[in-house]
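Shared chain: subunit A. Partners: subunit B in the first complex, subunit C in the second.
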Partner chain A sequence: MTENVEVPKELDATIQSMDNRFHDIVTLDDRKSYTGYLVPVENLIDFATSIRDDLGYDYLSSVTGVDYFPEEKMEVVYHAYKTSGGGALVFKVQIPREKPEVPSLISVFPGSDFQEREAWDLLGIRFSGHPNLTRILMWEGFEGHPLRKDWKEPFFEEEKKPYKNRWPEGGVYRIEDEVPMGKNVKYPLGFDPQKWTPEEQTTFKEDMDSEAGDNGSNGSAMHTDQIVVNLGPQHPSTHGVFRMVARLDGETVVDLYPEMGYLHRNHEKIGERNTYIMNMPYTDRLDYISSMSNNLGYALAVESLMGIKPPERTEYIRVMMVELTRIVSHLWSIGFLLNDLGAFFTPALYAINERELILDIFEATAGSRMMCNYLRFGGISRDLPDGILETVRELVNERLPRKIDELDTYLTENEILRSRCIGVGVLSKEDAIAYSAAGPVLRASGVSYDVRRADPYSIYERFEFDVVVRYNGDVYDRYLVRMEEIRQSLRILHQVVRDIPEGEIQTGKALYQVRVPAGEAYGRVENPKGELGFYVVSNGKPNPWRYHIRAPSFINLTALGKMCKGEKVADVVAILGSIDIVLGETDR
Partner chain B sequence: MDPALLVEWLVKSGVIIFLILTGFAYLTLFERRVLARIQVRIGPNRAGPLGLLQPLADGIKLLFKEEVIPDKADKVIFILAPVLTVIPAFVLLAVIPLGPEISILGRSYSLSLAGDVNVGVLYLLAVASISVYGIVLAGWSSNNKYALLGGLRSAAQMISYELVLGLAFIGPILLANSMSLKDIIQAQSRVWFIVLQPIGFLLFLVASIAEVNRAPFDMPEAEQELTAGYHVEYSGMKFALFFMAEYGKMIVVSFITASLFLGGYLGPFVDKLPLLGPIYLLVKVTLILFFMIWVRATWPRIRYDRLMALGWKVLLPIGLLNIIITAILVILVGGY
Partner chain C sequence: MYGIGILKGLGVTLKHFVETYVDDFRWLGKRYYNEEAYAVRQGPKATGIFTVQYPEEKLIIPENFRYLPFILYEEKDDGSIEDRCTSCGICPKICPPQCIWIVRSNDPETGRPIPAPTEFFIDIDICMSCGLCAEYCPFDAIKMDHVFEIASYERMEHHILNKEQLSKPVSYYSSIQPKNFRREEEARVAKEAAKAAKKKEREAKKAAS
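Up next, the complex of A and B:
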């Protein structure tokens, strides 16, 4: 949350002094309530390399574009961080809207791969030098780039919500009734849905043919054929509709790439047409296992734009809810990792058993078990009900530590679990940083980076807890990181329930229609799955101008192909389970 | 031929088929209930008292399901494969004595279809291997990559573990100095072979779980990796046949384990009350089945390459060593 205030002066000095080359070229973004630097397109790669190597901003958190339609320009916004901690270095590139072309940063930060593809897909910004600049969330035959402000979807009725015509005279009216299905759906010229086949399959086939000629990749003289297997979209272990296209040599994975977008609903476009408060319940649907954390990320972004802070009691309640969410998510993840390994549902159900108790707490406070919609700008929707603190106390002080130990006892030392997990899906420290991996995936690779510590938000600097790190970067370490993080969350919760003060829960008046001054903000939180970021641009109107989500599940998948290469088919499932994706967030 | 003998065979065959069929049906219920208990759930308890009518409901449901045969499948083999898989499970039980000889109306009956076949053990091994064809052919004829991978895995796995299974058979054979199951059971009247052959017993247990493709060796099915492996394209009753084969084989394997190592139908007072024999056997079989379900409920799956390594590099040498030691001891101490 610190990155959206003023850039510290000394940082400014470093960047000016780091290299005389950039002294005159890079300018400060001086729009009101904007931060960061404007970099000319031709210097972008130089600049990125320089901040990575000279200034230590080695972690590219987010890449996204903004369509400044009225000014006829596009902007690509990069948020870079140091893995040693601290605030963001925001740099931006502005390009004309008719021909938006930016050099790809994939050579400097490989983690920008999927994010650049997403920006190309949704905003039509061309990243020259990207090896595979294809659509990632929309389908290949799609016409147009939906996040552009002049793109209108089928059944378009109005620019902004709330729509005026929903209840003209007390009766419901929908534009869908006026426009028959499909009448205004646009296809590319000469496109026939019946005959269309995606291109990537043919390219994969060519790959195959070129390699089929050699004597097999196992080094023996025996001729082996490779087969392409689609793991998904209907597959029990992809945790939703997700597809991995794997090229197999026997049981060994030669090549694998993830294919997503089956659950895509253009969350960001819908979010940009919603009013600010309407997006709060909508963030629940991102990572639907941990809705409270999603709420917090969005609330932080908008609150920093509004320049308000929630009262003390609310901060405590927020931290309590978010940490409970982390336990929920990690329990779920551990249970389903074991499920993927073939221990069919026994560990998962014991983990879910505990999750239910936490969901009971959510139900009592927020009114809903999964889609909590609990946070408000500058507050929360309602205070804790009577007696719920006692329940939480009992849970975090008595029951959960015992149950976590129990899970630990039965799972961690299990011989089969160890043999399946140790040394599988290794991601080195350098790769983890380069690929912008986040959360337990990053920390299992030996990077001690937790947003709660590195760049504290809310009131996390008050609590005592350890950032869990493991050093081997394999499936087993990711499992251990999650197990230990549950304990650390319990430690934080222990302090929360001890210290929680009485008092107000809302700063100012709770409003349906908040006034958000123009500007930009990047709110990021350490979600259970990794760093979740909300990049919000306001132009002072009731709806956000840009509403972008840095989804950890999505970006963590960038490294999936690399982790899976050379492993067995059975491991792919375990590796995917250890990344712990939620498709609601991946596909948005 | 004696017509009475013919009737006897028919009746016994009927009993065996009945045993496997109801056994299959109620084993699924047993498994689901036990699994549910282990997984802090309740399990099916709605259909009939204690859910006892659940298998019936499942059976009816499967019968009425549409049978889908994939367009590009090899239809003849596709239909033949489940039959090939299920038949061995039925005929295996023929050689296993379910109890001592009993006499009714002055005529003595042996409680098995062919209990005193002198190569009973060989028969078991030979017939049990047939079902691998069904699985491989099912995987191949479905024209599906998951199914093919499942079929290939299962071919490799079953062939490897058949060797270990065969080696584990040899211990009791050496000790009993006979390949007839009846003799092997009788040889255990003083002490069960599990005591004399503990390593052989463990080998047999591991290999037989692998042989029937149960967790943690359920590689060919591997729900999480290969969706369902070789039977991914099957539906309706053909799908049920694969399950019938799996559960039938579980039952048969339990019978074999009980007969080879746990004294079969032997137990206190069997000499005086021969009808106690089948009851003892059933109790032992149920315990072994419970053990298999317990293992399934608690352990993750072993990875395929490690499974093969375990079979060839660990179990096979141990099995060979076990035979050599047993043989030397039998010569030195003398068998039964």
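Up next, the complex of A and C:
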């Protein structure tokens, strides 16, 4: 929401009082409907260190780039927050488009690691000082940086939807006839996919030569070798096509890094070609377990650009749907954590049973079980059908509390679960903040940070609920946080079904072509997986100029290597399960 | 004591195991293929086995369920049919994956466009079942269907649906979505009444002046 993105008023005073060091250098971004500060490239690291240490903006939420093609410049946009709560400090760096180079903030905020790699991969912005600036979502033999405005795919139809040949021309064709297999890829000059071998296995090579050759890394005098093992991309417990490259010493993980992008479809490029309303069903496909929640993040971002608010009843319905989604997602996550631990499918199916009843509510209301596409700008697509509210009441007041308690009795005290989870995959409080972890991962490490409380959106400030915190930062605590969050969601739902008013569901008329004034907005919501942010830049045209997603599943993986070091191979699977990723969102 | 947690957990499993038989006994053999039992089995009061015996038993589809779009035509009393679609072009313009093609044509005599589609194509390989076309159609001419068993042997031939394959009568729509149909008809009647009233008023004004 705009209120959140706006720079806090005390900030100017703080910057002035700091020591006037930055007051002379930093300028306010005075473009219309833009917020934040413009920082010169050479002062970036100083500025970032200073806001972290002196002003308390210790949580770097989002790093992304924008290609301002007509003005021949690139911009890197950073959103920093305080873990004690409050609005964003937005700062930006502008660089020429021909030679976009920015110092990497990885030394100040390690959580910017993957996000900077993503900006390099998709926009070609070079982050000097980044230790491993390689492609992360696209593959190594890919030509160009697809999010640049002058990049075109091999089968290029038109710059913007709607395409003219659908209407008014009506020249029907099959896409596969136009782009047969083999013609749909473009390689860089001199690149032969048949002869190319990936280099990334060598990332560990130097360490291996130096360390593993001699003895002693496992404490014994016996000569041991370390081996590199790929878990995935089709490993059954990686929750999708996701690969973890692990260096092992016996059964112990010495080093591990995640490798993703197998499901990459350049969601953001698609989004920039779409009109605003067309993006709504696409957001369903990000974290496909919690589509209602994704819809809300995007709707908030665009609504703040348009300057509208939904009616009262809609707000309640939205919160109801989003909290039901949270229950769905956490049930799924708990069930599959148990799968990853080897308790094959009995706990998962008990959890999915309840999920099914909630999906029935979505199906009856929105029309689809998973790809809900329910929210609209300033409203929702349709009102609740007759009788659905009674079903929700019955579920929320009677069945779900009972079933959650049953799941609790079933799992929480189980000795096998406890011994597999307690003390495994520990992420300390400091690391969790530094790596920009979000959601249950962050709260299990002792950081009481929930966007619903820290920076309330929609009507969350009206409801009574607790932010769930645990302090050990291990797999077990993440499990407990999720379990307790289901109860807190039920608490919110009790209040929603009690207070939900009658009334309109749409502000203004529902239009198929909304007018979005120029400007930028960052809409963020507390998704079940963590903080989901939508950074949208509009230039007043029917299609967004920039549409970026801060994906919690993606950024939470930054800390995966850290969590897995020193653990056993079998625990890596449990640790990944406890982060709870969805590949549709990780790879986008 | 070590092991209590496991025993408690096993107790839950045992409870689930027993419940499946209890529920079978409760319905005395009428648990399956019985509409009344079915509504309870799939609702918030469900106990016992939760799954349905597809394809013998099928889930009851809620009215708002959407799968693929189809276009509507009115059946006139004299047996002729008339498309509701006026080929206004909103659905191909709003379709997110751009899977709708409409071909228009002009009247050979007057040279003006005919307010009905000559051809209407939907590539169902591309359709993402989002329902935006049905939602924003100002003439209620395109709606989302409930048919989901559409497997075919040959996707090259069958997966671009033409106007003939897409068209279904309004009576079919009113059978799958009775409440939505009734609401839309009421809205339409109210709108026409308002229009007529306005016209009358204008005429009265004209006559007065």
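Remarks
Convention: the second predicted complex is superposed on the first by the 559 of 588 C-alpha atoms of A that agree within 3 Å, B and C clash if a C-alpha of one lies under 4 Å from a C-alpha of the other, contacts with A are read in each partner's own complex, and residues count from 1 in each chain.
Rule of thumb we're sticking to: contacts are C-beta pairs under 8 Å (C-beta built on N, C-alpha and C of every residue); 3 or more make two chains touch, one makes a residue touch a chain.
Computed from a prediction, not measured in an experiment: that's the story for all the values here.
After superposition on subunit A, the partners subunit B and subunit C are seen to fit next to each other with no clash. Of the two partner chains placed by superposition, only subunit C is touched by A:406; subunit B is not.
Looking at the shared chain after the overlay, A:353 reaches both subunit B and subunit C. Look at A:255: by the touch rule set out above, it reaches neither subunit B nor subunit C.
In the superposition on chain A, A:118 makes contact with neither subunit B nor subunit C.
Residue contacts after overlaying the shared chain place A:455 against neither subunit B nor subunit C. If you count the residues of subunit A touched by subunit B and by subunit C, you find the higher number for C. Once chain A of one complex is fitted onto chain A of the other, the partner contacts of A:172 are limited to subunit C, with no touch recorded for subunit B. When the two complexes are overlaid on their common chain A, residue A:268 makes contact with neither subunit B nor subunit C. Contacts of A:416 after superposition: both subunit B and subunit C are touched. Annotation: superposed on chain A, subunit B and subunit C show a minimal Cα-Cα gap of 5 Å.
Looking at subunit A, you'll find residues 346, 350, 353, 414, 416-417 touch subunit B in one structure and subunit C in the other. Put simply, subunit A touches subunit B in their complex at residues 227, 229, 234-237, 251, 338-346, 349-350, 353, 414, 416-417, 419-420, 568-573. Remark: subunit C residues 2-6, 8-9, 11-13, 16, 42-46, 50, 62-66, 89-90, 92-96, 98, 100-104, 119, 121, 123, 125-126, 128-132, 135-136, 144, 156, 160, 179 touch subunit A in the complex. Of all residues in subunit B, only 38-41, 145-146, 149, 153, 215-216, 218, 222-227, 296-306 touch subunit A in the complex they form. Touching subunit C in their complex are the following residues of subunit A: 161-163, 165-168, 170-172, 174-175, 274-275, 277-282, 346, 350, 353, 356-357, 360, 363-368, 371, 373, 381-382, 385-386, 391, 394-395, 398-399, 406, 409-418, 510, 512-513.
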